[in-house]
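Read through the structures below before going on.
Both complexes shown next keep chain A, but they swap its partner, so chain B is in the first and chain C is in the second.
Right after this comes the complex of A and B.
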């Protein structure tokens, strides 16, 4: 599978790009161990050989903040992605497989969630919390982003439950949890993986949106908080491009890479989309 | 994904529209007759009641709130000039003091915008409102025995001989907004508490009326029948438009583009905007005159923060030079551990030696020593100290209104300074109205708040507001000063003596003693110095703004600064 995926240049390019960003975010802070929230210079000092990306409005090292920010943003995206996918799969699978009243109730609930704009729930939840850690922020984003996954998983599960192999499994007396795990889930694994990639990407962007509104993680750095700091410090007006461009670019690159990974996976799993590679 | 992309595109579009809307707003009004100002109003106006302690929107503002006395719709008897430190005539032609009696002479032509004559009875009524209702200037009546009107144009104020404070009472002549008795007395009769009266159609005595307001802007229109026309003419702008920005950054962008003419926003690196026609009072560093001390008020009722040594450790952890250099864009020197300004009229009272002896400065190791040696605190696994009684040092929120970028950045420095030492401080930037309500009711941990700036009463109001517990209500009730609910019985007698002191030597001695208590108890932490008002202008559409080279008016938008409205000219 990996070998044929690697033949897809789009997948290879985006996966390598993502890997580099992940490595910078994970290994970077281990190499540069200084506290990113500790000032090392003045207001918007220009980049030089020591401070590769200069300083921000309150004298922090932008490069150091960036590598810490990448790690935290990816972490928030990962937590949000796992939670949103998990809730979406559990709700979608139960509704689709069991059908009937349970389906009605669960899908009714999902539809209600879909009609409420996520950002409103996110803002309300974030405002009510006394402190917001990176994990908690990931959880909040995760629990507000599952409905679309649930809807799609439900359709797939509803279609799979009437397949012959599922009937056979049911007649053989295999327990329902084992049928769900062994006979249904593997057939939608490709979709679940792709949904997770998209959820992770949207989680990272949601964090940036919340941080821009001043509702980012406390006492911690993220790409969104870097952007918020740059906006607050009027980096754009005062010409401090080094404070605003790097986080913007990295956010765009992460989203781009995740989207490309998702679309190449989609192409791989769905033969009808496959081009002659 | 497409959902998220759409959402982000919406945000971006909203941002762009906000910037474009300023010029669109101005287009509705003739630009040559419209002065666009910013820096006063950050949310939709909900009240134009100047005597209510709740926030009253521009162009009305609140009585006794210093820089927010705009003098546009309602006026005070005298008006304060922050550059000279003196009061100038407005509704009064002047005042004289003989012994314990202050006599104020009113402008003969003064009248209300509805045509009724403004008399000394209105002045007496406005002053006495503070006696009947809990208003922000109610403490005036601690220092005054009576306010009387012997005739229609004379007001006689008799000081309370048991509690002499002539400086403060004179200062109030420039602080108490005079309201029309014929309107406010009717509201009182309806038994509506005045604090809840929203007064959405204000009738004042000033040169402007409220024209329109919504979530995006407030417009004031000139009253061409203004009584002052015969005394000093009419102001030049027919309209004054205040766009409602969400923060300094968008206001500053508009100022730099000539879409705002006069601003009261913190604008970093102002020297970079010279070629765009942007200027301020001074043409070189420090650009502004220091006029007040933003104080990080500590809620002394919170567990852990009720310990003066913890408060001192927090004070010592803060990197003041960094705040001055970054958050204040070098417009300030590093803050001293003192409630006195080290320059201007208060320079003679300030003692650098005493500050060094009793106060604090940026000293993270000193903070650690206090925590470990004096408080016997132990660092937890998360790097935060815990007191022997189990109290963890935080998380404590550092509150300031969202979008007040200089304050937001200063608090970011405080948060990282605290974390570096082992105190869990976190920034919290709610809407301005939420921050104000929390401040009043004591629902905060540490909050940044402006202290009383330079005033005709010297530093007394600042010391009183920061340290006097006599009128401080309980947590949950509205306080108008001493928001941190600090209390020390030594303070009150010293404040009373300082109020009555007339000789420079006595004043220095008494303020020195008060400052020493402040340094020992740390009820609040001075973070930086800022001008009395941030004052910037752009000459793209209007010219002739006052500067230190042409100081015909004070570097203020409000109070005596309104004199600029009579001299500026459309380009």
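Right after this comes the complex of A and C.
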């Protein structure tokens, strides 16, 4: 499977890009352990050989903040992605497999939450919790963004449940949890993986959006908080591009790479989408 | 009941339910903060030392009365809903005694002027571009596809910052912030119009380009799917003109794209909030940012409920037009099956 995926240049390119960013975000902070929230210079010092990306409005090392910020943003995205996918799969699977009243209730709830804009729930939750750690922010984003996954998983589960192999398993007296784990979930695994990739991407972007609204993680640095600090410090209008363009571009690259991975996986799993086969 | 009426009634019921859920979130979430919300906020204001104790007392009394805090929670929720239905969003904490309505009313026209054209123009251009690209194929298709993919995957705030840097800082041909030059004041004059237009271009572009990208990608893949269908090969073999065929594909691929429009509205509204902050555009997003910085809960709640209403309203319109356009719903209304 991996070999044929790697033939897709879009997939290879975005996967390598992603890998580099992840390595920087995970290994970077282990090498440069200094506190990124500690001033080392003046206001907007230009980049030089020691401070690769100069300093920000309050004299912090932008490069140090960037590698720590990448790590924290990926972490928030991971927490949000895992939680959203987990809730989405549990709700979608129960609704689709069991059907009936449970289906109606769960999907009714899902549809209500789909129509309320995510940003509204995010803002309300974040405002309510007036101290927010990085993990908590990931959790907040995760519990807000499951509905689309739930809806997609539900339709998959509903069509899988009438397949013959599932009927056979049911007739041979296999317990329901084992049917769900053994006969349903494996058949939608590709779908769940793609949903997770999308959730992770939107989680990272939601963190940035919340931080830009002033609802970012406390006492911590993330790509969103870097952006917010630079915008509030007028980095752009004072010409301190080094403080604002790196996090802007990294966020765009992460989002781009994750979407490319998702869409090439989609093409791989749904051959109909390929143009020339 | 006629099928279309039934469709309409079900939809309205769902939207009412969604609105009630949003109103409940709006009401109950901030009350999960331990202690009396008014106590907390008023003590927060007092610790700043900028407000005299006499006016604190007055503010306190206003909120206790406004919230009906001496009553059970469910009655308070009823009061809240009742005031909401009368279009009363309450009184601002930070700008006492200004009403939330007046604060929102000043910001709303800017946001609408930014977002409504962005979504409509973006949707139209994106879909035409996607359909043509799918039909033409070749180098045109590859260029459009990659460009659209790039724009659709770039976050709103990233594009806003990049455009701002490129066209207002590195190559300063457009203003970098605000909705108009501060030496001007809003008036219906030609000079003000030109000034406002110059401030409008960058925030508008950073929204519309992303909508175009997203819609073009969606339309292109729908149209490729349609291109493989029998009716297109039939039309081709009949020697029908290119434009006719594209129009046919467009109409058939439209239905899912109308759902795509509903989706785009939700994400655009969220993205536009941040875009406004990047450009310090005087709309709802910048107001929300200020309110969050000041812990101005009534303004925050007023804006969140307003955004909900706008998105629900827009989605409802989309659903309504879907009911008109979808031949299956239309046909069943006329009694054909």
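Here are a few things to note about the model shown:
Just so it is clear, the second predicted complex is superposed on the first by the 272 of 277 C-alpha atoms of A that agree within 3 Å, B and C clash if a C-alpha of one lies under 4 Å from a C-alpha of the other, contacts with A are read in each partner's own complex, and residues count from 1 in each chain.
We adopt the following convention: a contact is a pair of C-beta atoms (placed from the backbone, for glycine too) under 8 Å apart; a residue touches a chain by one contact, two chains touch by 3 or more.
All values reported here derive from a predicted model rather than from experimental measurement.
Superimposing the complexes on chain A yields a three-chain arrangement in which chain B and chain C clash. In the overlay built on the shared chain, the residue A:205 is in contact with chain B and with chain C. In the superposition on chain A, contact of A:162 is made with neither chain B nor chain C.
Judged by the touch definition given at the top, the superposed model places A:172 against neither chain B nor chain C.
When the shared chain is aligned, chain B and chain C each come close enough to touch A:119.
When the two structures are aligned on the shared chain, A:49 is found in touch with neither chain B nor chain C. In the superposition on chain A, A:35 contacts chain B only, with no contact to chain C. Across the superposed pair, chain B and chain C both touch chain A at residues 118-119, 130, 205, 209, 212, 214, 231, 237, 239, 259. Only residues 14-15, 17-18, 21-22, 25-26, 29-30, 32-33, 149-150, 152-155, 157-159, 161-162, 164-165, 168-169, 176-177, 221, 224-225, 266, 269-271, 273-274, 277-278, 288-289, 292-293, 297, 300-301, 304, 307-308, 311-312, 315 of chain C touch chain A when the two sit together in their complex. Per the touch definition, chain A reaches chain B in the complex via residues 35, 37-39, 42-44, 57-60, 118-119, 130-131, 148, 198, 201-202, 205-206, 209, 212, 214, 218-219, 229, 231-234, 237-239, 259, 262. Contact residues of chain B toward chain A in the complex are 1, 3-4, 7-8, 11, 247-249, 252-253, 256, 267-269, 272, 319, 322, 325-327, 329-330, 395, 402, 405, 408-409, 412-413, 415-416, 419-420, 424, 426-427, 429. Here chain A touches chain C in the complex through residues 108, 111-113, 115-121, 123-125, 127-128, 130, 205, 208-209, 212-215, 227, 231, 236-237, 239, 241, 244-245, 248-249, 251-252, 255-256, 259-260, 263, 272-273, 275, going by the rule given at the top.
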